[in-house]
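First the structure, in the form of structure tokens, and then the observations on it.
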């Protein structure tokens, strides 16, 4: 799911402050059909997908007569465990969605799953990814009489179905899917079915599981593990699965194209214990570290991960380089999301709210820092300074991804291009900026090797790596039509309280 | 505004407890065009209309570029005075709505004003009344591809406009209005205009005011008084006024019919200081008391109002009967809306939470109690018992309206017919039930006389008095199509938290 | 109870705004011994005493083993009816307190009842009134090693007992009481007893009731009525009653002095349906109106009360003057406590949030307005202007109390003396200030007559009327020691959240 | 700080559920003198001490005239960064406290720092540890007239001072300290001074820092690091430091005894980046792993830490055993504190909310799991099962502390002795219970070696290791007087809301 550009200019108050200089996956989805604990299992599934979105979450269930929706801000473990929430989500079928958002406001309109009541019955849908022609479709649908309530691209799917000409729901749904462009992993429930679909390129993950005969769809396999479900297989790129009381059927509504799974899922988005497209994420990350140790060796005393995302690659690097792996930086896990700047003087203290260098380990040493990526570079700069303040003799930075130079249009919250350090600096300049003795990024080929490929196939790359390569695998209709600035799509700024 | 029948079976937990045995007006509306304090004035206007709905309120404003919406539970004076609320409601045009609801749930979907974005721009609308063919229209619109988000009849208006065939907004709006049946006083804003409309019978009130050149629409004149605005005139039954930068224009989209203003607005709904359809409400109420003293005289020592709604008629009765007017029942104004039953034993103590008899005044006296109406009779029974317990020698009840025997379909929350005391008992039986020595209701003609009419014109009555006479002035399509039980209209039960 | 002067300078943000220009009683107390629904009955009793304090409330119960305390902000009907509150207040004995406060802050330290654990067991106490030597006692106790936690004068009582030399609790308690100076109506519970006490002058009320054999103590009889308890008698000035399983006993710990009940309880503080010191409050108020009509007659068309407090006197005046009584001013009962100023322009609109003149009634008429008192005069000025704006030909004001020229030191929140209109203006100047044609206050003797006295006994007045006469019936030790400005007594400003 | 045993029987609802089977340090303290950002720096210091207590926190500051207190539930980063909190904490001196509590209730009475106003001025105090004769002292003080408000042992200190006979504050304070028995690291502020004190054995840590000339006291050095302060030295066991405008002075109020620092601070309580009593915590933990690899070697494929507390020892073990270190268990850091059991079926799924085994890494492997300690064994059992379910061929558990068989009376929340697995099972039985192939604990001597000692001096041990050895270094007066069940100390159960 992604937000169509709004008027709203709310900025992240923690912007420079919270030290979270990462790209963010915007959603996780989950669906289950035929289990008496459907809503509770969806809650657990979403909890294990919490790393894909922490802002808000929603669950819609169906009990054979009525649909039930709950949408709440905050972590699943807090908001969905209040008295009554699960009791109200009756039925043996449910879908859920967890959302990361940059808007920060109080706008609950965009919390998925979305629901629509068609003449033929109800339909609820949740989506991970981004539809790159959503604004264009929205304008067409509005001219045809559709009234939109939210600003999320997901709502377009509902109106395409409502306005569809076909009679059978499946046909209308496939007709709607064929009009979409971009990246989407979708789960939905109707009065009769649970449906799941991945876009033709399979940019975002979606897996199929089984728990005591109940089918499950989820963004990652870790959502199967938490409830003890069996991992059956990945939903294939371009595949639509339809699950009902008779079982599961597979459809291919799209023209066949090559697969282009998002390689950044391996680098940072996915949980290390997930298995996606045949690879264990932790394993790929460690392997990147091994590759980095080969590509960019350096004489040093110890390897220190930038916690927590740099840990697997650092383990791989240390093993590859035969250097000791040490926790030279300690992370404070109690930093809440709301740690706002108390005073100006404290705002400038920055990164230490989250991290502290362990002087005893670092002092007088030649340190190799390993991190997963550099986005704006602000955190890296602070971390390096902290390590130097702790007495490191040398600081070498090794990054487990190529330079991130281009925005993602497929459901990832990327800063403006000009804020991406790699878009305006060479590696040398970056090294200087973050003040390290040496800086190396894994090569694109090295990254592909870590996933098990021999190398990147530059003709038809095996992955979507547009944030590194600028090679976007789909049309970008809204973007190209409107130029760099997507037109505002909602005239309404809304706030509610209960 | 009215709610289409939902699956939800939430019952009022205070049902027998809070002693509020009244019919309830379901809404108040307000709109203003061309004042720099538009939202603040709307807040005040809604505050003075709070008696028409205390559950939740909403305001939508427009600043020439964007619409801003705030919807909050609770009293205006609490929810709309929080930091930032008014600041966010930018612009010189605004409409507002205050709502009484029987659902009791947490469902914010139905809080008005509603907003839709058409291909040609935004439109926000709020409504007092009830559209008696809303379910029928909704089903038709859904078949045509409309997706409804709420269960309020108001949303039908938006979809009728969105699906309309006319090109100009005014034409589409009038086309939509002509498809509506029932009672409606509507205010709306577009990018350019403030619009206001009353149904052809003028069942619900809507008045026009002026503040320093800014036009105002409001349910009652008391909403003009609070902001020092001048009362211009009532919007006429069947009239559509359109206010824009050039001024005000009047349209008559409907075929001409006789006027049928709701006579219960005089009896109970409206505020005593309002002037509606040429009559001051307090004056009518006092006059009903005077008529009652003529129609149903009784030898007694003092006249005691059931506070607060019985006060004006009691003053009139006392003046007419030349008996002393005394506060023999004291009301506790601190009863919050949330005074729920602490224990079973306390639940049975009932009415005293709100009222207490003043023994010193009542003991040994022949008391005439005056109240505005009897709905279920539960409160009357308790009040009479309380007055007897305080030592009254005789208790005579005089009611300032005829027996309420039939439900209202025009925007009033009426209990099921079989709960209306007058629907299953004669006046004599009622007197026995509530345990009074004598009981009299004003006659229909007496009530009409109090409004200045000579008598009720039984051919074409001057007012809507269906709750007394069962003569409904409009079609009741949904009701007649579906029988006594209106079909469920939403498949979704929803809950949100922020 | 009263607050010792604190550093805190929090001002009432609604100061000039909310139109509440009244003196405020600061507390109501309630106690019950030997009823299985003790806490629930206390809740109801406090609810009926809500007019004596709306800021916060507390209840302490005892179940034979342990004491249970609940202290909450806001109205009883809201805060004490939440799930679990009454369930946690176990036991058949309870005391409660409702509090009005000028501090406005978040300081829960001062919410009564207070509790202390002595070597011999627990004791909880609540207090209505003000101890005029509390600061002096506090300083002495601190020097002796006492640690105070709150800034309320009530805590002094606990430390006097804790530090006492007597062995039996009763003796210690009486010893403590004898050290107090000022006005106090106290209820308390120990492991064994319910105690109640009034100061020697009986300035604040305290009544004894009986419900099915359970004894009840309450500030007013309306708290007995709400639970159907029988009014036994007033606790006498200077009386200490001790209620335990064996029954009730009466003690007289103080030297005998004349009774000086607060006459303002009749004028405004008490509820009209209460019977205090042998008089029904409504009756006294109406009688004041009758006296006023004799003392200050005027040729006019109608009598209009300033709602709600002016109503009884206006009824009396109208009956006395044989003029029609009319509701010429309508009050909006939905004004929440939190209606803060949205904007500067609205702040200036002032009084209409609460009141509106009913033009139809007033226009062209000579109006007699009747109110209970004039404190700062701000509201009166606005009301008169509103009535003039509504077209009144003449406006005459009649006030049901003498000019309020001096502060109260006995548990009433009085503005600084220089803010009392009567302290700096003659009646003539006041008439000009509030812009009335004539202004009259009831005379002191007239007021005494309304209570049944022949006249005020100027040697030893039958009531405390210091706010009118400046004749204070007790020492004012703290005041006299420290001059007009009582010394700050707490070094701590505290805030908590849960 | 520690809670005196209360009547309250609230149990931890997450008891078996949240997988947190750890001993818990109960407090962290912080103090600063002479910095314009005193409160903000205290907030940061407490944030870095959050691992020592997450339930609630308090800060008291002093601005030369008045003390300011803020006490809030929840994480510092959430509760102390709300608007206004730091603004209200004026002044250049402050102390703070963060608290872990087992009571779980809403009782804010026990949130430190505590404050008392003595005849000579204000004093605020916060405390880490536990006073083992607090109940005995409390009873004596109550007999002398003291009124206690909380149930924390800390309040005893205040009353000892208030009741003291000495004239100078320092003398009174030292007199009070000498009456205490147990473990205590105390910080306090008066009108003039910041004071810090450790008990004669120095069981709990307390360090001295310096930031631009402002002195700082804190439980651990990581609280100095976060604000860039310089670590000066540990406060010595039995030392009292007094900091005022003239500088710092050191006092020794106690008779000299040997030092007995809590060795469990190294094992688990302290943050890995802190330096306590001369040792870096991470270093000690890694060294324990190295010792374990020597003491209890095993042939295996990989070393897997139980995250996060087992990581440093696992790194040491892997380095010592020359085996690969792998993240075979992934932790979900989003588990909120409130993840309560949605349904019974989910409650039984248990540990996976926090952890998931990484099957790809573990399957078919001989795994050495390393954890810091085993308390009740419930989590270990679940973790082992999870690792076995993920396909491990063998599972060997190595524990970085000796068997925890005895309760701590010095400020650590220990389960009842019979719930400590080691108190009722041999190592062999424990191995069977948690279902591992082999289980080894580090020996006491091995643990001492890891801290740099040659071995444990069994005559006068260098550390307090009573939880392993049952050798308590102080009297346990309350415990011995009252038997295993400490007498209830408060008669009051209290609840507040704002």
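Letters are used for the chains, namely A, B, C and D, taken in the order the chains are written, and counting of residues starts over at 1 for each.
What we mean here is this: a residue touches a chain if its C-beta (ideal position, glycine included) is under 8 Å from a C-beta of that chain, and two chains touch if they have at least 3 such contacts.
Being a predicted model, the structure only gives us computed values, none of them experimental.
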item: Between chain B and chain A, distance of the C-alpha-averaged centres to the nearest whole Å; value: 49
item: Rounded Å distance, chain A centre to chain C centre (Cα mean); value: 61
item: Centre distance in Å when chain B and chain C are each reduced to the mean of their C-alpha atoms; value: 37
item: Touching two or more other chains - residues of chain A; value: none
item: Chain contact graph, described as a line, ring, star, complete graph or other shape; value: ring
item: Pairs of chains found to touch, sorted by chain label; value: A-B, A-D, B-C, C-D
item: Sites on chain D touched by chain A in the complex; value: 37, 40-41, 43-44, 47-48, 50-51, 54, 75-78, 80-81, 86, 222, 225-228, 271-273, 275, 280, 282-283, 308, 311-312, 315, 319, 324-327, 330, 332-336, 338-343, 345-346, 349, 352-353, 356-361
item: Chain D to chain C touching residues, read off their complex; value: 7, 60, 65-73, 79, 85, 88, 106, 108, 111, 115-119, 121-122, 139, 142-149, 158-159, 162-164, 490-498
